[in-house]
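To start, the structure under review is shown below, and the notes come after it.
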Amino acid sequence: MTAKHVIIDCDPGQDDFINLMLVAAAPEVFEVAAITTVAGNVPLALTTHNARLACDWAGWRQVPVYAGCPAPLMRGLATAEHVHGATGVDGLPPATPGTPLIDTHAVPAMIDALRAAEAPMTLIATGPLTNIATALIMAPDIVDGIEQIVLMGGARSAGGNITPSAEFNMAVDPHAAARVAAAGIPLVIFGLDVTHQLRMTGPRRARLRAIGTPVATVIADMLDSTANRMTFAADDGPPLHDPCTALFLIAPSLFDLVDCHLAVETDSPVTYGHTAVDIAGATGRPVNARWATAIDDEAAFACIEQRLAGLAAGAN
Amino acid sequence: MTAKHVIIDCDPGQDDFINLMLVAAAPEVFEVAAITTVAGNVPLALTTHNARLACDWAGWRQVPVYAGCPAPLMRGLATAEHVHGATGVDGLPPATPGTPLIDTHAVPAMIDALRAAEAPMTLIATGPLTNIATALIMAPDIVDGIEQIVLMGGARSAGGNITPSAEFNMAVDPHAAARVAAAGIPLVIFGLDVTHQLRMTGPRRARLRAIGTPVATVIADMLDSTANRMTFAADDGPPLHDPCTALFLIAPSLFDLVDCHLAVETDSPVTYGHTAVDIAGATGRPVNARWATAIDDEAAFACIEQRLAGLAAGAN
Amino acid sequence: MTAKHVIIDCDPGQDDFINLMLVAAAPEVFEVAAITTVAGNVPLALTTHNARLACDWAGWRQVPVYAGCPAPLMRGLATAEHVHGATGVDGLPPATPGTPLIDTHAVPAMIDALRAAEAPMTLIATGPLTNIATALIMAPDIVDGIEQIVLMGGARSAGGNITPSAEFNMAVDPHAAARVAAAGIPLVIFGLDVTHQLRMTGPRRARLRAIGTPVATVIADMLDSTANRMTFAADDGPPLHDPCTALFLIAPSLFDLVDCHLAVETDSPVTYGHTAVDIAGATGRPVNARWATAIDDEAAFACIEQRLAGLAAGAN
Amino acid sequence: MTAKHVIIDCDPGQDDFINLMLVAAAPEVFEVAAITTVAGNVPLALTTHNARLACDWAGWRQVPVYAGCPAPLMRGLATAEHVHGATGVDGLPPATPGTPLIDTHAVPAMIDALRAAEAPMTLIATGPLTNIATALIMAPDIVDGIEQIVLMGGARSAGGNITPSAEFNMAVDPHAAARVAAAGIPLVIFGLDVTHQLRMTGPRRARLRAIGTPVATVIADMLDSTANRMTFAADDGPPLHDPCTALFLIAPSLFDLVDCHLAVETDSPVTYGHTAVDIAGATGRPVNARWATAIDDEAAFACIEQRLAGLAAGAN
């Protein structure tokens, strides 16, 4: 198995951070060509800062980090400090990033990388899709350079987490999501239906902490911080949203996926950001995505635990 | 316990028919003031015909039947013969109704009844909400004459059954649903989330048939007809949508309900008819409905079985 | 020439009142079957009161007045007291109407009248179209009983008068207007493009006052009241909106009309109530209306003056 | 008077071409920093080709040309070959451009130029606003580098030219237009209301041809081509849309302008691309644009004639 060349477009965000650690812990799976940041969980300056910190923790020295769009295509930016804390990575000790920021905008950087790639690349998207949509607006030919987009976003049976019917990443930039959904690129989507099945319960957080490495400890700190800040149903803990994307690329068989036509509502004040997931073919529209319906959460957590234990030696 | 004075607004429809039989089987619960028909599962002429047949089967002699609106407020009529058969009540033997049709439109009839009522009445609504919305448009003062509307419609975790994100009754006339939701009337809503939990499996259909009465037999015939026409997951059978409304009024404790703010999307081509069910208070808007999340389906079926057995003697 | 049987659906309103006086002044043109009132310029109780006063002024003894819908199909009611004064007919002396109010809702009354008519009738509509749309929702067969609807509403080159892109009657109930536009009934529409050409300048108001009859005097009072309350461009005075409908039926040659496809925007917060008037065939949609583009305003005023002079003897 | 540093964002287009010639003919007014092209009247490859040809005709040697976005933000591209001919510049002899195309995307080029400018620059926009909106999405800080945007687009009293209620540039990319309108940049807008007042009648086309220079002759050829291909009202000829932007910067007093709040409809199938021009303050929203209502068309044509005569010596 050859490592996949990936660009990771993200808005760290605690779960983006954890996702990046999983990527770092699977170097035989991922060859990270670039990290691009977008406004989302916190404003762009913070997501960029946090992405650079994540590179430090990952032990990456060669991965370029580019800052992207500071606000959605059409709507004003909504953020989620109530989930991720004021810095976006509550639980992570403040630091000055050692990883530099490249002085090029993420969007042309992404376009150039995709055009220059020897083979189509995989995009991992764990924030609002503003950067990717903007790249498609500027240069639709990049579709040929993208093997697939593996993304966190949306909800069907789980309803929504920012409005009654929409998930955060989709609701923050529904136009970008709709643009990406219509681009003809194979999509693999991990929405709340599945991410809500992967819960970082107290016992699991304790197991992570027991690993004893700096990375595992700081992740346990982050998850404890969320668990203490927010209210979850008994026995539950914070769900792990973004790490489903890396987990899928590491171990696809952890997930059940179904073909669907995905459409994203852009305009309605009631349903903007809603993902209409047509599994049954009710709309008669063609399949444009694979939608995750279930995760083997015990096996998934075991994978996370094992990978983070393996990362211990190399990082920081 | 005094029987509730109810108006039943419906579009029979197999499950509307079964709901009417349950009402008939609980005369200590329901005093039926009127049945009003609306276009929905099949066109108005058929839903009206079927409602009159239902009155015959119910053994009602004094319940007035009024025909209402033949099409939704704003959209063209969509019907569901693929579910209910060409007549709307596939499985029911063709017959000429003995129950007469009153020569007054359902909407002014409903308005007059509600204004004349000694105490606020309960509306049971098992079709598109066109008639009730039109009555509210003409005479908003009838709000004072309505204790509650107990209705079948909508979906949250169940997605949709006519579009990926909308249930039939809501999608057929989303403007009417939105108008009713905004009227300030207490609503109790049974959407697909709960109706999909009440399945008429093969064994249950056999138990109904074993009752041996004409009504129970014809209901078993109807359900077998649907089971044969459509495809359901293993062990499942046709869900019973509309009968949740009568069941709730007969035995409220069968259901789990949560307070919510309900909004209905009217306009988006992607999400029209979607029910945005705000349980967590994400919108900050006031509670206007109780939303059914779960049913004790064994107890519910036992209730149906017992009630239909009791109806045997009186009907037809 | 036989008098046309007409139903006048209105929201008096000063210009509705003047329109009714013109109708009264042309008894060889109009046989008034009913007056139906709707909420619009002022709430329903006032428009109904004012319609009854107008019947008194018109000298009508046999014209039934029915009150209709108190609010639009979907939106909350917006009124226009800043134009018409607190009573809706500023300038008219307060009085108790001698004309009775029939105790039947305007909508079923309209339906019954149209179904019973020996020949299709003309509807004159000078308010929001709520009543007519509701009648169409309840009983679409009435289309066969309507020869045409001659209505005041909309704007194309004149922009709007309640929003930048919408005229009052359309904006108050855009859903009703869209429903009526889609009903397949021949429409003749007098929008702001043409009504803004018919200005009651100071000299014209003086000419009306010079007629000396009670009706002409009270109309002059009304127009002076508007002229004093609002600001108009130099040489202009209040436009006469609603009277274009009666004028057209009295003297069609006063107007230039073009065939068009009319669509009405219902949903957009920016353009709700906007009339998209397709004269050039850009949409490829069929002609459903005649749109007034110009009026011979000198001849029109002369007609008004002459008719009101003729009404003098009969009224009040 | 110092020449204004301008970036010209365009989709040539016959009238874009003529506008560029006017710019070239007023070197004391304009210092052209860049020309950026966008898909619009014809696809991007053609608008870019035509822009380079225009530079050749203008005699420009140092003006960089950058190609921009090949399609709108959200909608599929609609073009206007029925107006401009298959090449977009019908009447212009085919040629291979001497002016090179810079191998950088227009959007980052525009961002870099605006950030590097010593003083805020003027943007002249005569096509869909896709490039400018995308630049604002990527880098909202460029607002500080823009003195004003002088643009052709929209309609109020003129209705529309591609739909009943929308002008071409706005309808092709309504989202871009809405994004630009909301950016807080001073806008000066020349919509159909004013461009339809500047008609290239037969006599005027003859006067242009009589100038005798290559540029004037080819412009006369273009206008004749349009006059022959399309149908205009008697005495009219093709309107000059885009050249109003250069004319305004050359001689602002040619125009009457009013302050307004401009909003652009993005979503409605009926009104997308409609410009809601709030002159009277009906919306209560702040002034964000100056809207052209009238042109002194005789003086404007004289200006065009004189400028093109002056360009004769230098060009081609």
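So that you can tell them apart, the chains are marked A, B, C and D in the order they are listed, and the count of residues begins at 1 in each.
One rule holds for everything that comes next: a contact is a pair of C-beta atoms (placed from the backbone, for glycine too) under 8 Å apart; a residue touches a chain by one contact, two chains touch by 3 or more.
None of the values given here were measured: they were computed from a predicted structure.
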item: Partner chains that chain C and chain D have in common; value: none
item: Copies chain B and chain C touch via same or different residues, half shared test; value: same
item: Distance between the centres, which are taken as Cα means, of chain C and chain B, whole angstrom; value: 41
item: Chain B-chain D separation of Cα centroids, rounded to whole Å; value: 58
item: Contacts with 2+ other chains: residues of chain A; value: 267
item: Complex interface listing, chain B residues touching chain C; value: 68-71, 73-74, 105, 107-108, 111, 130, 134, 137-140, 175, 178-179, 266-267
item: Chain D-touching residues of chain C, taken from the complex the two chains share; value: 156-160, 162-165, 261, 263-265, 267-268, 270-271, 274, 276-280, 282-283
